[in-house]
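Before anything else, here is the set of structures, which you'll find just below.
Each of the next two complexes has chain A plus one more chain, namely chain B in the first and chain C in the second.
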Partner chain A sequence: MKIFETLTRIDRRIIFLALGGLIIFSLLFPRFLKVRVFPPVAKLYEAVDKIPPDKALILDISYGPQYQAECEPMAYTVLRHAYKNRTKVLALSLYAEYLGLAKKVLDDVTAEYNRNARSRDDSLIYGRDYVFLGWQPPPIIPILGMGESIAGVYQIDYYGNQTDTLPLMKHIKNYNNVSILVALGGGTGSEKWWAQFAQRKFGLRVGAGCSAVLGADYYPYYQAGQFTGMMVGVKGAAEYEELASSRAKITAERVASERMLSLTYAHLIMIAFIVIGNISYFVTRRKK
Partner chain B sequence: MKKKIPLALVFIAGVSGLVAAFVPHPLVKAGDEIMRNDVLRIIQSFAFILALSSLVSVHTSKIRTRRHKWPYSIVLLASFLITSVIGLGGGVSGRGILPTQIGNFNFNIQTIYQNVIIALSTSMFALLAFYMASASYRAFRIRSFEATLLLSAAFIVMLGVLPIGDAISHHLPAFAQWILDVPNAAGQRGIAFGIALGGLATALKIVLGIERSWLGGGGA
Partner chain C sequence: MNFDPWIWIGALLSLAIFSFLYKENPVYYVAEHIYIGVINGYLVTFYWHNILVPILFKRLFSGMYLLIIPAFIGCLYFTRFIPRLSWLVRIPIALFMGYYTGLFIPVTIQADIIKQIQATLLTTQNFKMWNAGALGIVWSVILFVGVICTISYFYFSREHKGALRVTSRIGIVFIMLGFGASFGYTVMSRVTLLIGKLQFLMGDWLGIIK
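Moving on to the complex of A and B:
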């Protein structure tokens, strides 16, 4: 019986060690795990896949470093998918502190795509194929203002260019020229503002990608059709990667699918400790 | 007068926002655009200045009076000063008036962000997983029917989102998805309605001048 008493009071350092050990193990020996794709991600994939050539995708990258592990793979895979289809992309961030991460994703995926390009026409050219709009405070201004005029809200882009002089912006004036906006965020809840304001007022289709913590909050928006589709946490990113790989034949590294292993270990160890805690709790309580 | 002018400003701003949402007349639309695109931005800019001066003044006073944990204020002010000088002088990507490169070493805002902010923030957040594991072991005890229900739902969702859930049973991920789609969405929707109604009531109280605690001094 003493063992059960000990098990009700496991030192937290042992829990830390077990969790840390398993996560380090999964990072040292990464293994790719195949995931089953569910409708929220499949619908988002379909919406991005079927963007007409005359319309653009807006990618809102508004997650901070805290949520980078979950949301960054979403940004990479959605952008790769859009580039693969030669969809025009406008990227932005609703917060100044997240611009660094937005720029990183845009630079990396563009460079990756252009490495395989054979000619100038085949390459992605700034201003012609994609634009980084940067940031405009406060978030409500771009969310509502872009419905009237994108260049009116973002008069200069991230790099200081006059936005309305960029070739792409001559065709993309407002939400009428945008097929879908994919909002990726961690803890600010900015994704639902796009649904509450831009979707409701201008009929803009909105897709969301969020951290697992926020996922539960967003299901009502998805059910009501305010979110066309959504990705939740690393699992959502892994599902999108699965579709991008199997349908769009994108061969890039599948970071989220690899991270599913550490997520699996972390969940299993937590479940194991909860079960141990409960069994020992019942045994010791019965004894008393 | 000190209270009447702010109250009148809030009333005008609040009512004009409400009118713009319901009246599609071009004049109202134009007025709303000016409020949003110009007035709001100007207020926001001044709010930034106010916030930053308040930050500096609070921490300077903390250092001067040697209050509890004052050395952290030195770190904060030093970080603030360094990033401000580099950001304002060197520009975002090192194209400003100050040089932000020594040999191959860059110290522009982007470099600081990628090598300092990202590393610190991710480390802080990563620690959460360990505390969550420890807390769930201690707190998740089946002491009542509600706790049992919560724990069962948590186990199903935790296993259902993993590939191992699919291996245990093909129905498990679907059941986890159903929990998220139906009971979870119903609960979340109820909470959202409550928050929205509460927000609406509070906003009306502020616009109509019933709630005045924001003016300072507290109370209605």
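Moving on to the complex of A and C:
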């Protein structure tokens, strides 16, 4: 019985140490876990995969550093998938503070793609294949305004170019020329706004990639068809990476998949502590 | 090991923040104060260069004088620091609240209430949304029962007796399942942050992992 009493008073620092130690161990000895793909991610993948050549993908990258570990792998894998299919991409961020992270993803994936390009036609060229629209305040205004005219809302892009002079923007006028919008966000709830405003008013298909904190809140939107598909947390990103690897044969680094082993270990140890804690509590309570 | 000074600053500050897990200590407080100072300094300069200068001052000085009105209303926020004039702060707050209330009420009713109710109805289309074949009906019925029972739990105009007691008890089960899912997802999110930070420390800083 004494052991159960000791377990109910276990120091929180031992739990932190066990958790940290296990994650460090899994990072030192990495191993890929096969990820099972669930319908919300599969549907998002299908929607991005089947974007017609005359339509574009809008990628809203609106996460901050606090959600970078979860949302950045989503941004990388969706963008790689779109580029692989030569889908036209318009990137933006609803928040000025997050533009740096959005630009990082765009620059990295574009450079990665162009390293393997053999000719100019084969390369991704700014203005022809992709545009970084940047940011316009406040968030709701561009969401509504782009339904009428994208170049009207974003008159200049992130780099200061007149948007309507860019070749891509001559074809992509408003949501009618956009196949799907993928909104990646952390704690701001911006993904929901796309469904509430753009999907409801203009019928734009919206895919979401969110921090796991918001996962439970967003499933009703998926269930109601307001989100075409969704990725939740690093698990969602790993599922998308799995599809991108197996179906689109994208061979890039799979950051989210690498994190799944650490995540699994962390979950297992937490479940173990919860079970031990509960058993100890009930045993010692009965004794009292 | 990476010798980039910025990586070192990031790594040492991360360790300082982690030291709080052991116990409160001066190193943690130094890192915390640095963080608050840096984020405030960053945001003030960021908003100055990215919002106030290009959207307000440049346009104002190029002849769009009507912008004086929103600029003046925005400045009324600062009257909070002058007790005699602090009531004026209600003007920008009222405008702000009016704008967002008007914008969000119809949207919330349509997208968050009507659309969600539609998704709860027992229709063939909703059965298909589950991607579960014939089981779609079962899941839809569970969803329907869950919604009705959860709503009945929040019906406080009558004492929870008889049928209402049964439905509200079932409602509690669904509420607990919802809380459990939220908690599980929150744990996943926070653990991912820890993994990301440890990857930074072990990879970008120490270079012992790829």
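By definition in this document, the second predicted complex is superposed on the first by the 288 of 288 C-alpha atoms of A that agree within 3 Å, B and C clash if a C-alpha of one lies under 4 Å from a C-alpha of the other, contacts with A are read in each partner's own complex, and residues count from 1 in each chain.
Everything below uses one rule, namely that a residue touches a chain if its C-beta (ideal position, glycine included) is under 8 Å from a C-beta of that chain, and two chains touch if they have at least 3 such contacts.
If you're wondering where the values come from, they're calculated on a predicted model, not measured in any experiment.
Novice: May I ask you to decide whether A:274 touches chain B, chain C, both, or neither, giving the answer as first, second, both or neither?
Specialist: first
Novice: With the two structures laid over each other on chain A, which partner does A:70 touch: chain B (first), chain C (second), both, or neither?
Specialist: In the superposition, A:70 contacts chain C only.
Novice: Using the touch definition from the top, say if A:54 reaches chain B (first), chain C (second), both or neither.
Specialist: The answer is neither, since A:54 touches no partner chain.
Novice: Touching A:226 in the superposition: chain B (first), chain C (second), both, neither?
Specialist: So A:226 only meets chain C here.
Novice: Figure out whether A:152 sits in contact with chain B (first) or chain C (second), or with both, or with neither.
Specialist: A:152 sits against chain B, while chain C stays out of touch.
Novice: Just to be sure I read the superposition right, which of the two partners does A:122 touch: chain B = first, chain C = second, or both, or neither?
Specialist: Touch status of A:122: no partner.
Novice: Which holds for A:137: it touches chain B only (first), chain C only (second), both, or neither?
Specialist: Touch status of A:137: both partners.
Novice: For A:5, is the partner it touches chain B (first), chain C (second), both, or none of the two (neither)?
Specialist: In the superposition, A:5 contacts neither chain B nor chain C.
Novice: According to the stated criteria, A:215 is in contact with first (chain B), second (chain C), both, or neither; which is it?
Specialist: In the superposition, A:215 contacts both chain B and chain C.
Novice: Please report the chain A residues shared by its interface with chain B and its interface with chain C.
Specialist: 16, 19-20, 23, 66-69, 97, 137, 140, 215-217, 220, 223, 233, 235, 263, 266-267, 270
Novice: Inside the complex, what are the residues of chain A that reach chain B?
Specialist: Within the complex, chain A contacts chain B at residues 10, 12, 15-16, 19-20, 23, 33-36, 38, 64-69, 97, 99-101, 103-104, 137-138, 140-141, 144-145, 148, 152-153, 158, 215-217, 219-220, 223, 233, 235, 260, 263-264, 266-271, 273-274, 276-278, 281-282.
Novice: Which residues, counting only chain C, touch chain A once they are in their complex?
Specialist: 21-22, 43, 46-47, 50-51, 55, 103, 107-108, 110-112, 115-116, 118-119, 129, 131, 143, 178, 181-182, 185-189, 191-199, 202, 208-209
Novice: Which part of chain B faces chain A closely enough to touch in the complex?
Specialist: Against chain A, chain B makes touches at 33, 36-37, 40-41, 44, 92, 109-110, 113-114, 117-122, 124-125, 129-130, 132-134, 136-138, 140-142, 151, 155, 158-159, 161-164, 166, 173, 177, 180-181, 184-185, 188-189, 192.
Novice: With touch defined as at the start, can you tell me which chain A residues reach chain C in the complex?
Specialist: It comes out as residues 13, 16, 19-20, 23-24, 27-28, 30, 39, 66-70, 96-97, 135, 137, 140, 195-197, 199-200, 211-217, 220, 223-226, 232-235, 259, 262-263, 266-267, 270.
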